[in-house]
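Across the two complexes that follow, subunit A remains constant while its partner is subunit B and subsequently subunit C.
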Partner chain A sequence: MLGIVLDLVIIASLIALAIQVVSGASLFRGIIHFIVMGLTLALAWARLGAPDLAMAEAAIGAGVTGALMMVAYRRLVEITPDHNPSRTGSRSRLALPIAVGAGGLVGLLGLGATLSDPEPGLAGLAVLEALQDEALGNPITGVLLLYRGLDTLLEIAVLLTAFLAAVAVTRREDLDYSITTRDPHTPLVGALLAIIVPLTVLVSVHLLKAGSHDPGGAFQAGAVLAACGVLLVLTSRVSASSQSRPLIGLGIVAGLISFSLIGLAAMLRGEPPMALPGMWAVYFIETAMMLSIALTLVLLFAGTESLRRNQHG
Partner chain B sequence: MTTEALALIVFVPLLVAAGMVVLPRSWLGLLIRIGLLPLPFLLLIPTMEVVDNGAYRVVLAGHDSPLGIVWLLDPLSLLMLWLNVGITLLVSLHASFSFPPSDQPARRFWPLWLILFASMNALVLSADLFNIYVTLELVTLAAIGLIAVEGKPAALRAAMRYLLLALMASLLYLLGVGLIYGQTGVLDLYLIAEHLEPAWLTITALALMIVGLLIKSAIFPLHAWLPAAHGNAPGPVSAILSAMVVKVSVYIIWRLWFWTAGDWDLDSAATLMGILGGLAIVYGSVAALVQQRLKMIIAYSTVAQLGYLMLLFPLASTLAFQAASYHLVSHGMAKAAMFLAAANILRSVGSDRLSRLAGIDQRLPLDVFALALAGVSIMGLPPSGGFLAKWLFLEAAREQEAWGWLVLVAASGLLAAAYLFRVLAVMCLHPRRRLRSDRRRRAPNLASVAAILLAVGAIVAGFASAPVLDLVAAGLPPGLAP
Partner chain C sequence: MDNAALYVLAAAVLFGVGVYGLIVSAHLMRKLFAINIMGNAIFILMVAVAGPIDGAPDPVPQALVLTGIVIAVSATAFALALMVRLYQETGRATLADDNGPGNDD
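And then the complex of A and B:
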């Protein structure tokens, strides 16, 4: 009974939040509502028994995406100080019919899907069966790396492409430091970082390692690590740089290159491409992907293709 | 051998793109060659395999469907691979002049270019609905980055519009995939057919996927993003967008329609698709007729020419399949040639407004020649690839006594001739042509050669059609095989 009430509350607030996101009086309120909606969605995934998705949604959907939207909003205010972005333009007359139509379609499809009598999920059953022969305990990680590794590899390539596309449209003069704190030298900032940075690194490494048996994995760990990087950018411990550095470049493509090379190396052993040689490969690829994901997200946040360290006494 | 070759065809350009991010700029020229030049030779191995055995499956990671992802190489996907490799290589020849490795923008252009190349190779091989989604995303994102790579405001606006519409299209496709997976528990394009019955939910799912793909392939009336995007992108990017990027989505629709839902009764839906194609041809041609910029005329011509690919659905026969596949090939080469020639003209004149192009045939004879040659194929004049494709369409329509489609195909050639002769008349027959003698910067000659090569390819396709047509005939979908 309590479960149903909880579910209904989540559903109702999701719909209300979604309406607020698109129809909010100001852009800023829309962003805030979007972040809250991401967190509520994470709750919904948790209720549906998908903790991996819940974590990814909270970390990436709400956390990192929220930070990216905030920094985009900040830049928007800066570029067009006269044009007040908090007041959105006149709404299209088509908005309501489209929203109602889209909502109706999704509702109808959802109803149809729940009422229909689907065949047993062949792929899902096959995963659980195949997993018994592996040292992995988490079926999600199994699907992501062992069975459908090409999807994951191409997703990493999507992230790289998004980064390259963002760099392609970023102009040199866009580099600014306005998002950093006004006074990075206050003693409190240093003390805060001394506690938070090691902790987030610890959490992300734990998430990565836990991913082989429990909910977790490279995407969640990378998002947590990215949060740490965002903090370092905000406190101006690192800042945007226009000078490209090989180490930064290597970090961005580490996940793609290590996954591809290990996947191709299988053919030298006479195995089909993308077959992984063992658990070490899973850990290695996940670590590389975590670093690439975290670094790419931080670079997107800083709006730059490279970073440099700032010295603070 | 074939497995290794196919894996390298996808991974070599992808890894080289990643290498470009890390290695210093002095390596860029070498990396471009490593990422592109081995591909035609690698592709010979799968070609031998298809010629000998017909089709080839690569079970990735050793996990067969429904558990894992499978690549399927059959005659149609082989044709798409050759088309992608051939056109990308020739357009790259042009791109090595418009984005020379020594220049700053090259570092932004080439990684995206190679990712686009690799992802289209992965897309045409994939036999997995979700994997196709990921590769489609990769294709779209890389294409958007490439449109915006020069940072011009018009291109940025076009890229943003393309991004928003393409994302919506992706979501529609993904929703359909989710529904189908929920019904069948399978994602394999060819395995689904056994598990799927034409109930309303599965039909809706398929319809959602097809609408998403129609947006991505800019079929009328979902074409709104295409002219601005293709008309404002850098030359080589416009060429590959029109020649390949929109086509791969059509290719996926064909796969869904004739393979996954091959034995469903889709007659009325097929007629609807054909009508959309017919409207695309008429609308695109008329819109091209009133444009004032050369690249916009070529972009609207793409809207029109894509319509032919839709005629396959109502005609649905061996001949129609050969016609549509051949149209894919010849239009790909002709349109790439036109965009490259237009890029050279734009670079040389500084504008592509028709009013500024009077008499440029004297200054840029090679480019105008390439434009005219490619135009012959687009109009469907003999002897060209475009003519052969139209002829096959007419034959297919006559065979089924589908007179409406026959009249449409016959009349549409005239429309294409109208908008192309308008361009050529301004360039070659304008009364002002003798007055202009200013010789400004000319495009490098090899950039013109790339355009000429593609245009000649489109013409030669009119003679050397037998291997391609035999290949297509060998790879007909199960329902169409005689």
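And then the complex of A and C:
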């Protein structure tokens, strides 16, 4: 009973927040509502028995997307200080019927699938049976790396492509430093970083290691690590640089390269491609992916292709 | 899962709100919000519809949604970069409507 009430509260908040996001008065408020919606969605994932998704949503869906939207908004404000766009554009009379129709279609599809006494998914059944003999206790990591490895590989490729495309359309001379804190030399900033940076690294490594048997994994860990990088950019410990660095380039492609090479090496042994040789490969690939994901997200946030370190006391 | 039907309905409403926002918003960032809301609605639908297996949730749709979340943030990041560049070039963060420039022929 309490569970249903909780579900209803979560769902009501989600819908109210979504309406606020698309119809709110100011763009900035829209971003805030979007982030809160992401966090509420994380609660919904937890209620749906998906703790991995809850973590990913909180870290990536709400955190990273929110940070990216904030920095994009900041760049708009930079160009036009009183950036206050008109609320709505085309007042299409068809908008409401189309929206109701689309929502109704989704609801019909979903209710049809839910109420018709669904069979358990055969693929999921096979995964759960097969994974009982494996050292991987988290079936989601198992699916991502052992059974749908190609999907995960392409996902890393998509992230890399999006990054390259974003760098390509970003105008270099406009790399602004206005997103950083005004006075990076205050002792408080140093003390804050001295506490938060090691903690974040610890949490992300724990999430990575836990990912093989408990909720967690490379994506969640990478997003947490990216948050640490965003903090370093904001406090101007590292800042955008137009000079390309081999180490950063290597870090961006580390996940893709190591996953591809280990996956292709399976063919030399006469196994199907993407078959992983053992648990060491799972840890190796996850670590490389975590670093690549984190670095790519930080670079996307900074809107640059490379970073340099700044010396502060 | 007894709350599956509830979340399916929530996904339907969220998708509708997303579609509405996508149509009526002029600003590209608002359109991005709306697209993300639509994506989230579909993610909820995928996980809610999947029946549990022996009491445990089905890992396959969850893995697919996890992939989807990362793809969504990648696409959003690229779209935001495009929007900023468009604003730098034209001073607008909206798309031309049908009788605007680019459709004069």
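Some observations on this one:
Quick note on the criterion: the second predicted complex is superposed on the first by the 297 of 313 C-alpha atoms of A that agree within 3 Å, B and C clash if a C-alpha of one lies under 4 Å from a C-alpha of the other, contacts with A are read in each partner's own complex, and residues count from 1 in each chain.
In this text, a residue touches a chain if its C-beta (ideal position, glycine included) is under 8 Å from a C-beta of that chain, and two chains touch if they have at least 3 such contacts.
Being a predicted model, the structure only gives us computed values, none of them experimental.
Superposition of the two structures on subunit A shows subunit C fitting alongside subunit B with no clash.
Of the two partner chains placed by superposition, only subunit B is touched by A:250; subunit C is not.
When the two complexes are overlaid on their common chain A, residue A:300 makes contact with subunit C while staying clear of subunit B. In the superposition on chain A, the chain among subunit B and subunit C reaching more residues of subunit A is C. In the superposition on chain A, contact of A:267 is made with subunit B only, not with subunit C.
Of the two partner chains placed by superposition, subunit B and subunit C are both touched by A:162. Using the contact criterion defined above for the overlaid structures, shared-chain residue A:149 touches subunit B, although it does not reach subunit C. In the superposition on chain A, A:113 makes contact with both subunit B and subunit C. Looking at the shared chain after the overlay, A:124 reaches both subunit B and subunit C. Contacts of A:140 after superposition: subunit C is touched, whereas subunit B is not reached.
The least CA distance from subunit B to subunit C in the superposed model is 5 Å. Common to the subunit B and subunit C contact sets on subunit A are residues 109, 113, 118-121, 123-125, 127, 148, 151, 155, 158, 161-162, 165, 167, 169, 171.
Across the complex, subunit A meets subunit C through its residues 3-4, 7-8, 11, 14-15, 18-19, 21-23, 27, 30-31, 34, 37, 41, 44-45, 47-50, 52-53, 56-57, 60-61, 64-65, 68-69, 72-73, 75-76, 79-80, 85-86, 88-92, 94-96, 98-100, 102-104, 106-111, 113-115, 118-121, 123-125, 127-128, 139-140, 142-144, 148, 151-152, 155, 158-159, 161-163, 165-167, 169-171, 174, 217, 219, 293, 297, 300, 303. Taken together, the subunit C residues at the contact with subunit A in this complex read 1-21, 23-27, 29-30, 32-34, 36-37, 40-45, 47-54, 56-67, 69-78, 80-85, 87-88, 91, 93-94, 97. Across the complex, subunit A meets subunit B through its residues 109, 112-113, 116, 118-127, 130, 146-151, 154-155, 157-158, 160-162, 164-165, 167-169, 171, 246, 249-250, 252-253, 256-257, 260-261, 263-264, 266-267, 271-276. For subunit B in complex with subunit A, the touching residues are 3-4, 7-8, 11, 14-15, 17-19, 21-24, 58-63, 65-69, 108-109, 111-112, 115, 119, 122, 130-131, 134-135, 137-138, 141-142, 144-146, 148-149, 151, 156, 159, 175, 179, 181-187, 195, 199-201, 204.
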